[in-house]
Amino acid sequence: MKVSVLGAAGYTGGELLRLVHTHPELDLVQAVSRRYAGRPVAEVHPNLHHLGLTFQPPQELSPVDTAFLALPSGASAEVEAGVGEVAGTIVDLSPDFRAGASSASGETYRTGLPELYGDDLPGAARISVPGCMATAAVLALAPLRRAGLVAGDAVVDARTGSSGSGAEPGPASHHAERGQAFRVYRPTGHRHETEIAAHTGVRARMTVTAVPAVRGVQVICHVTPPEPVTRRDVLRVLQHAYRDRPFVRVVARSRGVHRLPDPQFLSGTNFTDVGCAVDEDGRRIVVVAALDNLVKGAAGGGVQSLNVARGLPEQTGLEFPGLHPA
Amino acid sequence: MKVSVLGAAGYTGGELLRLVHTHPELDLVQAVSRRYAGRPVAEVHPNLHHLGLTFQPPQELSPVDTAFLALPSGASAEVEAGVGEVAGTIVDLSPDFRAGASSASGETYRTGLPELYGDDLPGAARISVPGCMATAAVLALAPLRRAGLVAGDAVVDARTGSSGSGAEPGPASHHAERGQAFRVYRPTGHRHETEIAAHTGVRARMTVTAVPAVRGVQVICHVTPPEPVTRRDVLRVLQHAYRDRPFVRVVARSRGVHRLPDPQFLSGTNFTDVGCAVDEDGRRIVVVAALDNLVKGAAGGGVQSLNVARGLPEQTGLEFPGLHPA
Amino acid sequence: MKVSVLGAAGYTGGELLRLVHTHPELDLVQAVSRRYAGRPVAEVHPNLHHLGLTFQPPQELSPVDTAFLALPSGASAEVEAGVGEVAGTIVDLSPDFRAGASSASGETYRTGLPELYGDDLPGAARISVPGCMATAAVLALAPLRRAGLVAGDAVVDARTGSSGSGAEPGPASHHAERGQAFRVYRPTGHRHETEIAAHTGVRARMTVTAVPAVRGVQVICHVTPPEPVTRRDVLRVLQHAYRDRPFVRVVARSRGVHRLPDPQFLSGTNFTDVGCAVDEDGRRIVVVAALDNLVKGAAGGGVQSLNVARGLPEQTGLEFPGLHPA
Amino acid sequence: MKVSVLGAAGYTGGELLRLVHTHPELDLVQAVSRRYAGRPVAEVHPNLHHLGLTFQPPQELSPVDTAFLALPSGASAEVEAGVGEVAGTIVDLSPDFRAGASSASGETYRTGLPELYGDDLPGAARISVPGCMATAAVLALAPLRRAGLVAGDAVVDARTGSSGSGAEPGPASHHAERGQAFRVYRPTGHRHETEIAAHTGVRARMTVTAVPAVRGVQVICHVTPPEPVTRRDVLRVLQHAYRDRPFVRVVARSRGVHRLPDPQFLSGTNFTDVGCAVDEDGRRIVVVAALDNLVKGAAGGGVQSLNVARGLPEQTGLEFPGLHPA
């Protein structure tokens, strides 16, 4: 299956190149970048040095089966129609077509979250991958909501590494300011609240902190249940919800130092780890979810969704298990 | 004023040595450590190399005006009576005498938090400094509670650096496991909840994460007000509460990248920075507070309290403003 | 091919589990750990959660084709004979059989460095993988030495992450001390000097610094050539030496920010990246080499050597290309 | 003594504001910044929040005793003459007047390194502070050179945090690229080689690596002595050289984990720590030096030099001892 990656010099674009390269059914035709056209991919993505790739200009798109769009907000909507002429399928990682936003071309985008929308995806020609923090929060909250364990709003404390804001330098990403930061840059009103509500029905009151990490998203969801519950109740709900889902691991150990989901072990993987705890009085559920924003929260979610759309085994090309220590 | 520091080889002990050294009214008589007795202080605290100090054994305590106890939980209660024989005043940094716990000797401990208990401290001979995360949460929540802005429980998301668990190595502090960790090690049931309730009357539902930092505590307090409020309302409450308090800075900027309290700028200082935001519908208040757990949350809080107890200017010896960049 | 891993709870042991799992020709029979026998592997290596493995006690070794020994210094020599009874092949990652040290059993160990000893490995039944810093320095220096570019001793400045000293906690690895450290813990006399001399004939004067990283080794080799040379000369030597070696990449870019080998992009991979520069007067060659100490410097080097020993394609099971950003 | 700081929004400018504020003999008249004129200093330097300062435009310089220039390369030379009209003394932190470069105004600049040039400084009206890596290397090498212990060139391996390249964002300082970097960005030909030669007579062959730190410079100087020496010989030379110098500490412990200079303990301080080791055969001396590039390597060096120039005790305003843990 021939694919191209637009926005290949960005971080999610680089992850797509990496994943496509190791995917046995995908064949990279073009790594497209306006800014870096003609230059070696390795100059930007040194991990891919041995592949010997060169960025291609966007003016000369080859016909492909699937085009991945790893473009900034707004840019996907702009190029969508043109890309649609050379690519049967579009997998978009931007916010442009998420949560019911309609495409410029009038095409209907399916949500690239197989854990919730697996039945919608087979045969899909337009797929939009949800936001990284939204993905984590949705996978944490959806099973609880379905099980009737969510009364009222949820408080969602989200922490994000620096790669989430992309490859473009600026004052907020300057290392001397960002290296040790615990910067509550969006205490209220984050746009992923809308996506969470759309996918779970839960009003999430988010607070987002930029933390000293490059990759990784971790969300702590504080949920009030209608009646007191036990940790065991919640665990059973999560385990049941994800019993057949290869990329969601329920992690809630009672021993060792790594008892709840920690993004440090998820870099490069397509997993979302989900775990939980409950206050002694049973009146607050704490659900912790973690993922790699560039993989499960973007490129990997896209490849996983394409696998499902094309009837391939869902895990194809996404087997990297992550590292310990990290 | 002659002082000694017991537990001087620990992290809060080292901070006491540093602060006492630069304090114009305090004169260090002994840096006491059982384990390191006879060895140079610089072997443990390399920053103090130029002071040429040596650790003293606990068997030979000299008479002093004030003894600082920087000992592990349980050890303060054990030595308290003996220390009381050579020291008129005891400032304790351990949990042993906090939040109403009575001392073995029957002495009454005042709470070493001048922002709330400034009137109790003058003349005090026994002072117990509250826990570091409790201090941050209390300074965030107390003014709101007094202003009637807290309905129901608060969710307190706390992040802590590794120095908070002391100088003793173990599996949880091993660098290869801890270096990149976002480890939710106490999702519920942290003991500081009790202290917060005792000092503010608010039931705090805490979740504590060990984060990739050495120093620093940051708490995000999610509070539901009885009626919708604005950010301006909350800001006014905080500014009023701390208008005369030299060590609490209300930080809520509208420009720049550092708009809310970030512990990275507080290392070595006695400040608590406090800021806030409010959801658009006015139904959730987010208060962010940050401090250095070893200073304001321990050694600095102790020195500040002693200053107040002895009628010295509150800021004496605590002037270091912190670094930028950090 | 059935394999077992002894010392599976350590860091190189965990990497072996990861690599064996994804290796199409290797089948894990036992993950052996004395200390953790009976406990889930995921408690120690959370990245392997989904594999559902349990540690086995060393008392009950099953017969296997190959046993990997990921044991501390001294322990391999101790168990070698016993393991030899159940395993046809032993791949040892410890220092016990390196650089000509003879085994307790009298068996001859081949050096697990296919780039230098590829011809010795086919059919080998005993393989000893060189030290991680030695591997990096040897791959940097050997081609220069062979090309006659090394006059006199070399200065080797080595930097190492914390995982290199293993999973056992202690004062040197305590996060609060190690997190920001640039600790020159072995300014002279590192034991890898012997290995470098044995494999290249160059007297390396090493200085080793523990740096703020978990994985990764980087060496800067300062070499005096007998006659002035150019960067181009040196580059040609390196490129020629490694033109057919899949795991050594010559990285010496003239553009971008990542021009020379940086271990941050090698985590999890079996690559050694090698690059160079030359002083304007041609009288000093600087060769930079980087690798992941747990992979190419240990577990991956072992798997690669076993691949060569068994006539499998050298890269089998070692395809992970690393991440960018990291 | 009235002072102003030009370039006050930069990192060395911010350090000057901090140091001037706590200096008992200096009184800040203006914090000047072209870009941020009219905005609160705390927006840029959040540590100085409580000072309530505002940046002033460069068009309205008030008369002062001393102007500190914390400007980018080239800018000092441009404004020098104008500043000279309102300030009797200029202390410059840029490269513009270093190592014998003559000023535009024809004024003679003294070198702001009291450890070497203490006799030149009293009464000086123009002072130029050397580069941060040069300062570290010079303090490491000068005593050895004077003692006849340096034969031939020295290899200088320098590591630097990100604050050394200033507050201006760019691709090289983007957090996702820089956060975990060991980037050998200047393997040869660094301009500080010239300064080192000028101040010590030693040809330093430098290799500079950008490392995962914000503050801090560490240099490892590899020196070949004319005859074999012992560590004791070298230590004696260093101790003698710095016996009366308050800001150079000879650190060479035989116990504990912190035996040689580590920049992590020097953040915010004006110290340079210097230590050494010698190969067993006595034929290589390793000297390690560390400092905070923004303090001893810039702002603090400037204040120290001004103290000497004005006959104040050298340590005035520079007493902060640094933190442990860091």
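Chains: A, B, C and D, in written order; residue numbering restarts at 1 for each.
Please note the rule applied: a contact is a pair of C-beta atoms (placed from the backbone, for glycine too) under 8 Å apart; a residue touches a chain by one contact, two chains touch by 3 or more.
The model shown is predicted, which means the values in this text are computed figures rather than measured ones.
Comparing the chain pairs C-D and A-D, the larger number of C-beta pairs in contact belongs to C-D.
Most remote from subunit A, judged by the distance between CA-atom centroids, is D. Centre-to-centre separation between subunit B and subunit D, using Cα means, comes to 33 Å.
With centres defined as mean CA coordinates, subunit D is found 44 Å away from subunit A.
Subunit C and subunit D have centres, each the mean of its CA atoms, that are 38 Å apart.
Counting only residues that touch two or more partner chains, subunit C has 11, 163, 167, 171, 176, 179-180, 212-214, 258, 262, 325-326. Partner subunit B is touched in their complex by these residues of subunit A: 153, 155, 157, 159, 171-172, 176-177, 179-185, 187-189, 205, 207, 209, 211-213, 216, 218, 220, 222, 257-264, 275-280, 284, 286, 288, 290, 325-326. Within the complex formed with subunit B, the residues of subunit D that make contact are 11, 14, 18, 21-22, 39-40, 42-51, 163, 167, 214-215, 246, 249, 251, 253, 255-256, 258, 262, 265, 267-269, 271, 273, 319-326. For subunit A in complex with subunit D, the residues that touch the partner chain are 11, 161-163, 167-171, 173-176, 178-180, 212-214.
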